[in-house]
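These notes are about the structure you will find just below.
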Amino acid sequence: MIRTIVGLAIVLVLAAILITVVDDYTVPSALSGVGELYTQTGVEDTGSVNLVTAVVVAYRGLDTLGEVVVLFSASTAVVLILTLIPIGANPTPPSSIVAFTAGILPGAIILFGIYIITHGHLSPGGGFPGGAVVASAFLLVMLGSNTIPDKSKFLSSIESLAGLTFGLLGFWGMFTLGQFLNNLVIPAGSPGRIISAGIIPLISLAIGAKVASELSGIFSSYRKAGGEE
Amino acid sequence: MSVTSIIAHVLTGLGALVLFASGLGVFRLPDVFNKMHAGTKATTLGSILFLTGLGLFEPSWMPKLLLVVVFIVLTNPVSSHALARAAHNEPAEKPDNLIIDDLEESKGENQ
Amino acid sequence: MNMSLFAAASIGTGIMMIVAAVAALIVKKLISAIIIVGFVSLSASLLFLLMDAPDVAITEASIGAAISTVIFLWGRGKIGGEQ
Amino acid sequence: MSAEYLFYWSMAATGLGLVLIGLWGVLTRKHILRIALAFTLADTGVNLILVWSGFLPNRAAPIIDSSVTTVVDPLPQALVLTSIVIGVAVAALFVVVGVLASRKSGSADIRHMKELRW
(Lines give C-alpha, C1' and ligand atoms only; values in the text may rest on other atoms or scores of the structure.)
Protein backbone atom coordinates (compact mmCIF):
# COMPACT_ATOMS: atom_id res chain seq x y z
CA MET A 1 0.00 0.00 0.00
CA ILE A 2 2.67 2.49 1.01
CA ARG A 3 4.63 1.41 -2.04
CA THR A 4 1.70 2.27 -4.29
CA ILE A 5 1.29 5.71 -2.73
CA VAL A 6 5.00 6.53 -2.94
CA GLY A 7 5.18 5.28 -6.53
CA LEU A 8 2.13 7.27 -7.54
CA ALA A 9 3.49 10.41 -5.85
CA ILE A 10 6.85 10.11 -7.65
CA VAL A 11 5.15 9.57 -10.99
CA LEU A 12 2.76 12.51 -10.48
CA VAL A 13 5.61 14.85 -9.55
CA LEU A 14 7.51 13.75 -12.64
CA ALA A 15 4.39 14.25 -14.76
CA ALA A 16 3.98 17.79 -13.44
CA ILE A 17 7.63 18.60 -14.23
CA LEU A 18 7.33 17.14 -17.72
CA ILE A 19 4.14 19.06 -18.44
CA THR A 20 5.75 22.35 -17.44
CA VAL A 21 8.66 21.52 -19.73
CA VAL A 22 6.36 20.64 -22.62
CA ASP A 23 4.33 23.79 -22.04
CA ASP A 24 7.22 25.96 -23.22
CA TYR A 25 7.84 23.85 -26.31
CA THR A 26 6.76 25.45 -29.56
CA VAL A 27 6.31 23.56 -32.79
CA PRO A 28 9.40 24.24 -34.90
CA SER A 29 8.74 25.35 -38.43
CA ALA A 30 12.07 24.21 -39.88
CA LEU A 31 14.87 21.86 -39.03
CA SER A 32 17.78 23.33 -37.14
CA GLY A 33 21.47 22.70 -36.80
CA VAL A 34 22.94 19.39 -37.75
CA GLY A 35 19.67 17.83 -38.94
CA GLU A 36 19.31 20.58 -41.55
CA LEU A 37 22.89 20.00 -42.64
CA TYR A 38 22.31 16.27 -43.06
CA THR A 39 19.19 16.77 -45.15
CA GLN A 40 20.87 19.39 -47.34
CA THR A 41 24.14 17.65 -48.12
CA GLY A 42 23.55 14.03 -47.13
CA VAL A 43 23.10 12.57 -50.59
CA GLU A 44 26.14 14.36 -52.04
CA ASP A 45 28.34 13.51 -49.05
CA THR A 46 27.57 9.82 -48.76
CA GLY A 47 25.75 8.75 -51.94
CA SER A 48 23.06 7.10 -49.84
CA VAL A 49 19.47 7.95 -50.74
CA ASN A 50 18.17 6.84 -47.35
CA LEU A 51 19.39 9.53 -44.97
CA VAL A 52 18.82 7.43 -41.84
CA THR A 53 21.28 4.83 -43.09
CA ALA A 54 23.65 7.63 -44.06
CA VAL A 55 23.57 8.97 -40.49
CA VAL A 56 23.83 5.52 -38.86
CA VAL A 57 26.67 4.22 -40.99
CA ALA A 58 28.58 7.22 -42.29
CA TYR A 59 28.09 10.41 -40.25
CA ARG A 60 27.69 8.66 -36.90
CA GLY A 61 29.57 5.48 -37.78
CA LEU A 62 31.79 5.73 -34.71
CA ASP A 63 28.70 5.91 -32.45
CA THR A 64 27.31 2.85 -34.19
CA LEU A 65 30.56 1.02 -33.53
CA GLY A 66 30.19 1.90 -29.85
CA GLU A 67 26.58 0.77 -29.81
CA VAL A 68 27.53 -2.52 -31.43
CA VAL A 69 30.02 -2.93 -28.58
CA VAL A 70 27.19 -2.35 -26.05
CA LEU A 71 25.10 -4.97 -27.82
CA PHE A 72 28.07 -7.31 -27.83
CA SER A 73 28.67 -6.95 -24.10
CA ALA A 74 24.97 -7.47 -23.27
CA SER A 75 24.73 -10.65 -25.35
CA THR A 76 28.06 -11.89 -23.99
CA ALA A 77 26.77 -11.39 -20.46
CA VAL A 78 23.63 -13.41 -21.23
CA VAL A 79 25.60 -16.25 -22.81
CA LEU A 80 28.18 -16.21 -20.02
CA ILE A 81 25.59 -16.31 -17.22
CA LEU A 82 23.65 -19.12 -18.85
CA THR A 83 26.82 -21.11 -19.56
CA LEU A 84 28.32 -20.74 -16.10
CA ILE A 85 25.09 -21.25 -14.14
CA PRO A 86 22.96 -23.92 -15.84
CA ILE A 87 19.25 -23.58 -15.18
CA GLY A 88 18.31 -27.06 -16.41
CA ALA A 89 17.52 -28.15 -19.95
CA ASN A 90 14.17 -29.58 -20.92
CA PRO A 91 13.34 -28.67 -24.54
CA THR A 92 9.89 -29.95 -25.36
CA PRO A 93 9.69 -31.70 -28.75
CA PRO A 94 7.85 -29.64 -31.39
CA SER A 95 4.81 -31.02 -33.17
CA SER A 96 5.29 -32.28 -36.70
CA ILE A 97 3.39 -29.37 -38.28
CA VAL A 98 5.63 -26.77 -36.62
CA ALA A 99 8.72 -28.80 -37.50
CA PHE A 100 7.70 -28.96 -41.17
CA THR A 101 7.05 -25.22 -41.40
CA ALA A 102 10.28 -24.49 -39.60
CA GLY A 103 11.96 -26.48 -42.35
CA ILE A 104 10.63 -24.47 -45.29
CA LEU A 105 10.06 -20.91 -44.05
CA PRO A 106 13.46 -19.80 -42.69
CA GLY A 107 15.04 -19.71 -46.14
CA ALA A 108 12.51 -17.16 -47.33
CA ILE A 109 12.82 -15.15 -44.11
CA ILE A 110 16.62 -15.07 -44.34
CA LEU A 111 16.35 -13.97 -47.97
CA PHE A 112 14.04 -11.15 -46.91
CA GLY A 113 16.46 -10.17 -44.15
CA ILE A 114 19.35 -10.04 -46.58
CA TYR A 115 17.23 -7.94 -48.93
CA ILE A 116 16.55 -5.48 -46.10
CA ILE A 117 20.25 -5.34 -45.21
CA THR A 118 21.60 -4.87 -48.72
CA HIS A 119 18.99 -2.29 -49.74
CA GLY A 120 19.58 -0.22 -46.61
CA HIS A 121 20.91 2.74 -48.58
CA LEU A 122 18.00 2.74 -51.03
CA SER A 123 14.87 1.97 -49.03
CA PRO A 124 13.89 1.70 -45.34
CA GLY A 125 16.08 -0.88 -43.69
CA GLY A 126 19.75 -1.43 -43.05
CA GLY A 127 21.84 -3.54 -40.76
CA PHE A 128 19.79 -3.36 -37.55
CA PRO A 129 16.29 -4.34 -38.80
CA GLY A 130 17.68 -6.85 -41.29
CA GLY A 131 19.79 -8.50 -38.62
CA ALA A 132 16.73 -8.78 -36.38
CA VAL A 133 14.74 -10.43 -39.19
CA VAL A 134 17.53 -12.95 -39.83
CA ALA A 135 17.72 -13.66 -36.09
CA SER A 136 13.98 -14.40 -36.02
CA ALA A 137 14.54 -16.96 -38.80
CA PHE A 138 17.16 -18.64 -36.59
CA LEU A 139 14.63 -18.56 -33.77
CA LEU A 140 12.16 -20.41 -35.99
CA VAL A 141 14.80 -23.03 -36.81
CA MET A 142 15.46 -23.54 -33.12
CA LEU A 143 11.75 -23.82 -32.32
CA GLY A 144 11.34 -26.47 -35.00
CA SER A 145 14.34 -28.62 -34.13
CA ASN A 146 14.11 -31.49 -31.71
CA THR A 147 17.68 -31.35 -30.49
CA ILE A 148 19.66 -28.64 -28.78
CA PRO A 149 21.76 -27.01 -31.52
CA ASP A 150 25.42 -26.51 -30.73
CA LYS A 151 26.46 -23.85 -33.18
CA SER A 152 28.05 -21.48 -30.71
CA LYS A 153 31.48 -21.73 -32.37
CA PHE A 154 30.00 -20.92 -35.76
CA LEU A 155 28.00 -18.03 -34.32
CA SER A 156 30.90 -16.55 -32.41
CA SER A 157 33.19 -16.77 -35.43
CA ILE A 158 30.61 -14.92 -37.58
CA GLU A 159 30.30 -12.35 -34.81
CA SER A 160 34.05 -11.80 -34.58
CA LEU A 161 34.40 -11.69 -38.36
CA ALA A 162 31.66 -9.05 -38.63
CA GLY A 163 33.19 -6.90 -35.90
CA LEU A 164 36.63 -7.23 -37.49
CA THR A 165 35.19 -6.22 -40.88
CA PHE A 166 33.60 -3.12 -39.35
CA GLY A 167 36.87 -2.07 -37.73
CA LEU A 168 39.02 -2.81 -40.78
CA LEU A 169 36.70 -0.85 -43.09
CA GLY A 170 37.02 2.03 -40.64
CA PHE A 171 40.81 1.83 -40.69
CA TRP A 172 40.80 1.65 -44.49
CA GLY A 173 39.21 5.09 -44.57
CA MET A 174 41.62 6.31 -41.92
CA PHE A 175 44.74 5.29 -43.82
CA THR A 176 43.67 6.38 -47.31
CA LEU A 177 41.59 9.49 -46.65
CA GLY A 178 42.72 10.35 -43.13
CA GLN A 179 39.31 9.88 -41.52
CA PHE A 180 38.02 6.89 -39.56
CA LEU A 181 35.04 5.22 -41.30
CA ASN A 182 35.10 7.57 -44.29
CA ASN A 183 32.72 5.84 -46.64
CA LEU A 184 34.09 7.26 -49.88
CA VAL A 185 37.13 5.00 -50.12
CA ILE A 186 35.13 3.43 -52.92
CA PRO A 187 33.65 6.07 -55.27
CA ALA A 188 30.07 6.93 -54.35
CA GLY A 189 28.60 6.12 -57.73
CA SER A 190 25.19 7.42 -58.76
CA PRO A 191 22.70 7.61 -55.87
CA GLY A 192 19.78 5.22 -56.19
CA ARG A 193 21.70 2.27 -57.67
CA ILE A 194 22.31 -0.90 -55.71
CA ILE A 195 26.09 -0.55 -56.02
CA SER A 196 26.58 2.97 -54.78
CA ALA A 197 27.20 4.92 -51.57
CA GLY A 198 30.80 3.76 -51.12
CA ILE A 199 31.24 1.19 -48.38
CA ILE A 200 27.81 1.73 -46.77
CA PRO A 201 26.43 -1.60 -48.08
CA LEU A 202 29.50 -3.45 -46.79
CA ILE A 203 29.21 -1.90 -43.33
CA SER A 204 25.48 -2.63 -43.36
CA LEU A 205 26.30 -6.28 -44.06
CA ALA A 206 28.76 -6.30 -41.16
CA ILE A 207 26.24 -4.71 -38.78
CA GLY A 208 23.51 -7.09 -39.95
CA ALA A 209 25.71 -10.16 -39.45
CA LYS A 210 26.73 -8.93 -36.01
CA VAL A 211 23.17 -8.19 -34.82
CA ALA A 212 21.87 -11.49 -36.22
CA SER A 213 24.64 -13.59 -34.69
CA GLU A 214 24.37 -11.88 -31.30
CA LEU A 215 20.58 -12.28 -31.04
CA SER A 216 20.91 -15.87 -32.28
CA GLY A 217 23.58 -16.47 -29.65
CA ILE A 218 21.16 -15.26 -26.97
CA PHE A 219 18.44 -17.60 -28.27
CA SER A 220 20.85 -20.50 -28.57
CA SER A 221 21.97 -20.16 -24.98
CA TYR A 222 18.33 -19.82 -23.91
CA ARG A 223 17.60 -23.07 -25.68
CA LYS A 224 20.48 -24.76 -23.91
CA ALA A 225 19.10 -23.56 -20.59
CA GLY A 226 15.59 -24.85 -21.35
CA GLY A 227 12.95 -24.67 -24.08
CA GLU A 228 10.99 -21.51 -24.89
CA GLU A 229 7.53 -23.11 -24.62
CA MET B 1 -15.69 4.72 -61.56
CA SER B 2 -14.56 1.62 -63.37
CA VAL B 3 -15.51 -1.97 -62.66
CA THR B 4 -12.11 -2.78 -61.14
CA SER B 5 -12.43 0.09 -58.72
CA ILE B 6 -15.90 -1.05 -57.63
CA ILE B 7 -14.65 -4.60 -57.07
CA ALA B 8 -11.69 -3.23 -55.10
CA HIS B 9 -13.99 -1.15 -52.90
CA VAL B 10 -16.25 -4.13 -52.26
CA LEU B 11 -13.30 -6.41 -51.43
CA THR B 12 -11.62 -3.99 -49.03
CA GLY B 13 -14.95 -3.27 -47.36
CA LEU B 14 -15.69 -6.97 -46.95
CA GLY B 15 -12.19 -7.58 -45.60
CA ALA B 16 -12.55 -4.78 -43.05
CA LEU B 17 -15.94 -6.18 -42.01
CA VAL B 18 -14.55 -9.69 -41.54
CA LEU B 19 -11.60 -8.35 -39.56
CA PHE B 20 -13.97 -6.37 -37.36
CA ALA B 21 -16.08 -9.48 -36.78
CA SER B 22 -12.92 -11.36 -35.86
CA GLY B 23 -11.97 -8.73 -33.31
CA LEU B 24 -15.48 -8.84 -31.86
CA GLY B 25 -15.24 -12.62 -31.66
CA VAL B 26 -11.95 -12.49 -29.77
CA PHE B 27 -13.56 -10.06 -27.38
CA ARG B 28 -16.83 -11.91 -26.84
CA LEU B 29 -16.23 -15.66 -27.11
CA PRO B 30 -15.76 -17.50 -23.81
CA ASP B 31 -12.54 -19.57 -23.73
CA VAL B 32 -9.16 -19.89 -25.44
CA PHE B 33 -10.12 -22.33 -28.17
CA ASN B 34 -13.25 -20.40 -29.13
CA LYS B 35 -11.29 -17.17 -29.22
CA MET B 36 -8.68 -18.79 -31.41
CA HIS B 37 -11.42 -19.88 -33.79
CA ALA B 38 -12.36 -16.24 -34.30
CA GLY B 39 -8.80 -14.97 -34.22
CA THR B 40 -7.35 -17.26 -36.87
CA LYS B 41 -9.85 -18.23 -39.52
CA ALA B 42 -11.53 -14.86 -39.76
CA THR B 43 -8.28 -12.89 -39.83
CA THR B 44 -6.91 -15.13 -42.59
CA LEU B 45 -9.97 -14.54 -44.76
CA GLY B 46 -10.13 -10.85 -43.88
CA SER B 47 -6.46 -10.22 -44.69
CA ILE B 48 -6.73 -12.06 -48.00
CA LEU B 49 -9.81 -10.06 -49.04
CA PHE B 50 -8.30 -6.76 -47.92
CA LEU B 51 -4.93 -7.34 -49.59
CA THR B 52 -6.55 -8.46 -52.85
CA GLY B 53 -8.72 -5.34 -52.88
CA LEU B 54 -5.67 -3.20 -52.21
CA GLY B 55 -3.88 -4.87 -55.10
CA LEU B 56 -6.75 -3.99 -57.41
CA PHE B 57 -6.44 -0.33 -56.38
CA GLU B 58 -2.71 -0.27 -57.16
CA PRO B 59 -1.93 -2.97 -59.76
CA SER B 60 1.82 -2.38 -59.42
CA TRP B 61 1.71 -3.58 -55.80
CA MET B 62 0.00 -6.84 -56.74
CA PRO B 63 3.09 -9.18 -56.72
CA LYS B 64 4.22 -8.02 -53.28
CA LEU B 65 0.71 -8.26 -51.88
CA LEU B 66 0.34 -11.79 -53.28
CA LEU B 67 3.60 -12.68 -51.55
CA VAL B 68 2.16 -11.33 -48.30
CA VAL B 69 -0.97 -13.45 -48.86
CA VAL B 70 1.16 -16.56 -49.41
CA PHE B 71 3.03 -15.86 -46.16
CA ILE B 72 -0.20 -15.34 -44.24
CA VAL B 73 -1.66 -18.58 -45.60
CA LEU B 74 1.53 -20.43 -44.66
CA THR B 75 2.06 -19.01 -41.18
CA ASN B 76 -1.37 -18.30 -39.72
CA PRO B 77 -2.55 -21.94 -39.38
CA VAL B 78 0.83 -23.06 -38.05
CA SER B 79 1.01 -20.36 -35.39
CA SER B 80 -2.54 -21.03 -34.25
CA HIS B 81 -1.74 -24.76 -34.13
CA ALA B 82 1.28 -24.11 -31.90
CA LEU B 83 -0.82 -21.76 -29.77
CA ALA B 84 -3.57 -24.35 -29.39
CA ARG B 85 -1.06 -27.00 -28.31
CA ALA B 86 0.50 -24.64 -25.79
CA ALA B 87 -2.96 -23.77 -24.43
CA HIS B 88 -3.85 -27.46 -24.29
CA ASN B 89 -0.82 -28.10 -22.12
CA GLU B 90 -2.04 -25.56 -19.54
CA PRO B 91 -4.58 -27.20 -17.26
CA ALA B 92 -6.05 -23.85 -16.26
CA GLU B 93 -7.07 -23.06 -19.84
CA LYS B 94 -9.24 -26.14 -20.28
CA PRO B 95 -12.92 -25.20 -20.65
CA ASP B 96 -15.47 -26.84 -18.37
CA ASN B 97 -17.70 -28.23 -21.09
CA LEU B 98 -14.94 -30.04 -23.00
CA ILE B 99 -16.29 -33.48 -23.93
CA ILE B 100 -14.18 -34.86 -26.80
CA ASP B 101 -10.42 -34.36 -26.42
CA ASP B 102 -8.63 -36.15 -29.26
CA LEU B 103 -5.23 -34.60 -28.56
CA GLU B 104 -5.18 -35.89 -24.99
CA GLU B 105 -6.10 -39.40 -26.19
CA SER B 106 -3.52 -39.47 -28.97
CA LYS B 107 -0.72 -38.18 -26.77
CA GLY B 108 0.51 -41.61 -25.75
CA GLU B 109 0.50 -43.04 -29.24
CA ASN B 110 2.63 -40.93 -31.56
CA GLN B 111 5.36 -39.62 -29.34
CA MET C 1 -3.71 14.08 -47.63
CA ASN C 2 -6.45 14.71 -45.15
CA MET C 3 -4.86 15.79 -41.88
CA SER C 4 -7.83 14.98 -39.66
CA LEU C 5 -7.66 11.35 -40.78
CA PHE C 6 -4.05 11.21 -39.56
CA ALA C 7 -5.04 12.92 -36.32
CA ALA C 8 -7.81 10.37 -35.75
CA ALA C 9 -5.41 7.48 -36.44
CA SER C 10 -2.72 8.77 -34.08
CA ILE C 11 -5.15 9.66 -31.28
CA GLY C 12 -6.92 6.30 -31.56
CA THR C 13 -3.63 4.38 -31.52
CA GLY C 14 -2.35 6.47 -28.63
CA ILE C 15 -5.43 5.88 -26.46
CA MET C 16 -5.32 2.18 -27.28
CA MET C 17 -1.63 2.02 -26.29
CA ILE C 18 -2.14 3.84 -22.99
CA VAL C 19 -5.08 1.62 -22.05
CA ALA C 20 -3.14 -1.51 -23.04
CA ALA C 21 -0.07 -0.38 -21.08
CA VAL C 22 -2.12 0.09 -17.91
CA ALA C 23 -3.83 -3.26 -18.55
CA ALA C 24 -0.46 -4.99 -18.96
CA LEU C 25 0.52 -3.93 -15.45
CA ILE C 26 -2.72 -4.77 -13.64
CA VAL C 27 -3.93 -7.86 -15.51
CA LYS C 28 -3.81 -11.05 -13.45
CA LYS C 29 -2.04 -13.54 -15.68
CA LEU C 30 1.58 -12.92 -16.63
CA ILE C 31 1.16 -14.42 -20.10
CA SER C 32 -1.60 -11.92 -20.90
CA ALA C 33 0.67 -9.12 -19.77
CA ILE C 34 3.44 -10.35 -22.10
CA ILE C 35 1.10 -10.52 -25.09
CA ILE C 36 -0.29 -7.06 -24.30
CA VAL C 37 3.21 -5.57 -24.18
CA GLY C 38 3.87 -7.13 -27.59
CA PHE C 39 0.72 -5.42 -28.81
CA VAL C 40 1.91 -2.06 -27.43
CA SER C 41 5.18 -2.47 -29.32
CA LEU C 42 3.31 -3.24 -32.53
CA SER C 43 1.13 -0.14 -32.08
CA ALA C 44 4.27 1.88 -31.42
CA SER C 45 5.57 0.76 -34.80
CA LEU C 46 2.35 2.15 -36.34
CA LEU C 47 3.02 5.48 -34.63
CA PHE C 48 6.61 5.45 -35.93
CA LEU C 49 5.22 4.96 -39.41
CA LEU C 50 2.87 7.92 -38.92
CA MET C 51 5.87 9.98 -37.77
CA ASP C 52 7.63 9.35 -41.12
CA ALA C 53 10.16 6.92 -39.66
CA PRO C 54 9.83 3.72 -41.73
CA ASP C 55 13.24 2.37 -40.70
CA VAL C 56 12.36 2.61 -37.03
CA ALA C 57 8.93 1.10 -37.72
CA ILE C 58 10.46 -2.00 -39.35
CA THR C 59 12.91 -2.45 -36.48
CA GLU C 60 10.28 -1.99 -33.79
CA ALA C 61 7.87 -4.40 -35.50
CA SER C 62 10.39 -7.21 -35.88
CA ILE C 63 12.05 -6.75 -32.50
CA GLY C 64 9.32 -5.49 -30.20
CA ALA C 65 6.59 -7.81 -31.38
CA ALA C 66 8.58 -10.98 -32.06
CA ILE C 67 11.94 -11.19 -30.33
CA SER C 68 11.24 -9.51 -27.00
CA THR C 69 7.96 -11.44 -26.64
CA VAL C 70 9.88 -14.70 -27.03
CA ILE C 71 12.43 -13.55 -24.46
CA PHE C 72 9.72 -12.82 -21.89
CA LEU C 73 7.93 -16.09 -22.66
CA TRP C 74 11.18 -17.92 -21.98
CA GLY C 75 11.48 -16.14 -18.64
CA ARG C 76 7.90 -17.04 -17.77
CA GLY C 77 8.59 -20.69 -18.60
CA LYS C 78 11.55 -20.62 -16.22
CA ILE C 79 9.91 -18.69 -13.37
CA GLY C 80 6.23 -19.56 -13.63
CA GLY C 81 3.37 -17.10 -13.93
CA GLU C 82 2.13 -16.86 -10.35
CA GLN C 83 1.06 -13.53 -8.84
CA MET D 1 -7.27 23.29 -32.07
CA SER D 2 -6.56 22.20 -35.60
CA ALA D 3 -6.18 18.62 -36.75
CA GLU D 4 -2.48 19.16 -37.34
CA TYR D 5 -2.03 20.37 -33.75
CA LEU D 6 -3.85 17.30 -32.41
CA PHE D 7 -1.81 15.00 -34.66
CA TYR D 8 1.46 16.52 -33.47
CA TRP D 9 0.74 16.53 -29.75
CA SER D 10 -1.04 13.19 -29.49
CA MET D 11 2.26 11.48 -30.34
CA ALA D 12 4.08 13.28 -27.53
CA ALA D 13 1.24 12.56 -25.11
CA THR D 14 1.40 8.85 -25.95
CA GLY D 15 5.15 8.73 -25.39
CA LEU D 16 4.95 10.63 -22.10
CA GLY D 17 2.08 8.44 -20.93
CA LEU D 18 4.04 5.28 -21.70
CA VAL D 19 7.10 6.55 -19.84
CA LEU D 20 5.04 7.45 -16.77
CA ILE D 21 3.10 4.18 -16.78
CA GLY D 22 6.31 2.21 -17.18
CA LEU D 23 7.93 4.11 -14.31
CA TRP D 24 4.89 3.50 -12.12
CA GLY D 25 5.04 -0.19 -12.97
CA VAL D 26 8.74 -0.40 -12.15
CA LEU D 27 8.11 1.25 -8.78
CA THR D 28 5.02 -0.65 -7.67
CA ARG D 29 4.99 -4.14 -9.22
CA LYS D 30 6.30 -7.10 -7.28
CA HIS D 31 6.80 -9.90 -9.79
CA ILE D 32 10.25 -9.56 -11.34
CA LEU D 33 9.06 -10.17 -14.90
CA ARG D 34 6.33 -7.54 -14.46
CA ILE D 35 9.09 -5.09 -13.64
CA ALA D 36 10.95 -6.12 -16.79
CA LEU D 37 7.75 -5.61 -18.81
CA ALA D 38 7.21 -2.15 -17.31
CA PHE D 39 10.82 -1.33 -18.16
CA THR D 40 10.17 -2.33 -21.78
CA LEU D 41 7.08 -0.09 -21.85
CA ALA D 42 9.10 2.89 -20.61
CA ASP D 43 11.75 2.10 -23.22
CA THR D 44 9.13 2.19 -25.98
CA GLY D 45 7.85 5.52 -24.66
CA VAL D 46 11.31 7.08 -24.64
CA ASN D 47 11.87 5.92 -28.22
CA LEU D 48 8.55 7.48 -29.26
CA ILE D 49 9.48 10.84 -27.69
CA LEU D 50 12.92 10.79 -29.32
CA VAL D 51 11.52 10.17 -32.79
CA TRP D 52 8.80 12.76 -32.16
CA SER D 53 11.44 15.38 -31.34
CA GLY D 54 12.66 15.22 -34.93
CA PHE D 55 9.20 15.06 -36.46
CA LEU D 56 7.51 17.89 -38.31
CA PRO D 57 4.06 17.56 -39.84
CA ASN D 58 3.58 17.80 -43.60
CA ARG D 59 7.04 16.52 -44.44
CA ALA D 60 8.22 13.30 -46.03
CA ALA D 61 10.26 10.40 -44.70
CA PRO D 62 14.03 10.99 -44.98
CA ILE D 63 14.51 9.08 -48.22
CA ILE D 64 15.48 11.52 -50.91
CA ASP D 65 14.28 11.15 -54.47
CA SER D 66 13.30 13.59 -57.19
CA SER D 67 9.80 14.28 -55.83
CA VAL D 68 10.82 14.87 -52.20
CA THR D 69 12.09 18.29 -51.15
CA THR D 70 11.47 18.68 -47.40
CA VAL D 71 12.05 15.76 -45.04
CA VAL D 72 11.92 15.18 -41.28
CA ASP D 73 15.06 15.13 -39.15
CA PRO D 74 16.95 11.85 -39.76
CA LEU D 75 19.23 12.11 -36.71
CA PRO D 76 16.78 11.04 -33.92
CA GLN D 77 15.56 8.20 -36.10
CA ALA D 78 19.12 6.92 -36.54
CA LEU D 79 19.72 7.05 -32.80
CA VAL D 80 16.44 5.28 -32.00
CA LEU D 81 17.23 2.56 -34.55
CA THR D 82 20.23 1.49 -32.50
CA SER D 83 18.45 2.15 -29.22
CA ILE D 84 15.71 -0.39 -29.98
CA VAL D 85 18.18 -3.20 -30.68
CA ILE D 86 20.17 -2.38 -27.54
CA GLY D 87 16.91 -2.23 -25.59
CA VAL D 88 16.03 -5.80 -26.48
CA ALA D 89 19.51 -7.02 -25.55
CA VAL D 90 19.22 -5.26 -22.20
CA ALA D 91 15.76 -6.78 -21.68
CA ALA D 92 17.22 -10.23 -22.37
CA LEU D 93 19.91 -9.60 -19.75
CA PHE D 94 17.24 -8.33 -17.32
CA VAL D 95 15.16 -11.49 -17.77
CA VAL D 96 18.16 -13.79 -17.30
CA VAL D 97 19.26 -12.00 -14.13
CA GLY D 98 15.67 -12.05 -12.90
CA VAL D 99 15.39 -15.78 -13.49
CA LEU D 100 18.65 -16.34 -11.62
CA ALA D 101 17.54 -14.13 -8.71
CA SER D 102 14.22 -15.93 -8.45
CA ARG D 103 16.03 -19.27 -8.49
CA LYS D 104 18.26 -18.08 -5.68
CA SER D 105 15.52 -16.72 -3.45
CA GLY D 106 12.97 -19.38 -4.35
CA SER D 107 10.31 -16.94 -5.50
CA ALA D 108 9.73 -14.42 -8.28
CA ASP D 109 8.44 -11.90 -5.76
CA ILE D 110 10.95 -9.12 -5.19
CA ARG D 111 9.88 -8.81 -1.55
CA HIS D 112 11.70 -12.09 -1.01
CA MET D 113 14.90 -10.83 -2.63
CA LYS D 114 16.87 -9.07 0.05
CA GLU D 115 19.19 -7.31 -2.40
CA LEU D 116 16.32 -5.58 -4.20
CA ARG D 117 14.52 -4.10 -1.16
CA TRP D 118 13.71 -0.42 -1.09
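The chains carry the letters A, B, C and D, assigned in the order they are written, with residues numbered from 1 in each.
As a convention for this text, a residue touches a chain if its C-beta (ideal position, glycine included) is under 8 Å from a C-beta of that chain, and two chains touch if they have at least 3 such contacts.
Values in this document were obtained by computation on a predicted structure and should not be read as measured data.
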Item checked: Winner on C-beta contact pairs when A-C is weighed against A-D -> A-D
Check: Using the average of all C-alpha atoms in each chain as its centre, how far is it in Å between chain A and chain C?
Finding: 19
Margin query: Quick check: how many Å separate the C-alpha centres of chain A and chain D?
Written below: 16
Check: chain C to chain D: how many Å between their CA centres?
Finding: 10
Margin query: On a C-alpha centroid basis, what's the spacing between chain A and chain B, in Å?
Written below: 31
Checklist line | Junction residues of chain C - those touching two or more other chains | finding: 53-56, 59, 63, 67, 71, 74, 76, 78
Check: Where does chain B touch two or more other chains at once, residue-wise?
Finding: none
Checklist line | Where chain A touches two or more other chains, by residue | finding: 50, 52, 87, 124, 126, 128-129, 132, 215, 218, 229
Note to self: Taking the touch definition from the header, please name the shape of the chain graph: line, ring, star, complete or other.
What the structure shows: other
Checklist line | Chain pairs in mutual contact under the definition given at the outset | finding: A-B, A-C, A-D, C-D
Checklist line | chain A to chain B touching residues, read off their complex | finding: 93-95, 97-98, 101, 105, 108, 229
Notebook entry, point to check: For chain D, which residues are in contact with chain A within the complex?
Noted result: 5, 8, 12, 16, 20, 23-24, 27-28, 54, 56, 61-65, 71-75, 77-79, 81-82, 84-86, 88-90, 92-93, 96-97, 99-100, 103
Checklist line | chain A residues touching chain D - in the complex, by the definition given at the top | finding: 3-4, 6-8, 10-11, 14-15, 18, 22, 27-31, 34-35, 38-39, 42-43, 49-52, 54-56, 60, 63-64, 67, 70-71, 74-75, 77-78, 81-82, 85, 87, 123-124, 126, 128-129, 131-132, 191-192, 211, 214-215, 218
Margin query: Under the definition above, what is the set of chain B residues touching chain A in their complex?
Written below: 71, 74-75, 78, 81-82, 85-86, 111
Note to self: Using the touch definition from the top, list the residues of chain C that touch chain A in their complex.
What the structure shows: 53-59, 62-63, 66-67, 70-71, 73-74, 76-78
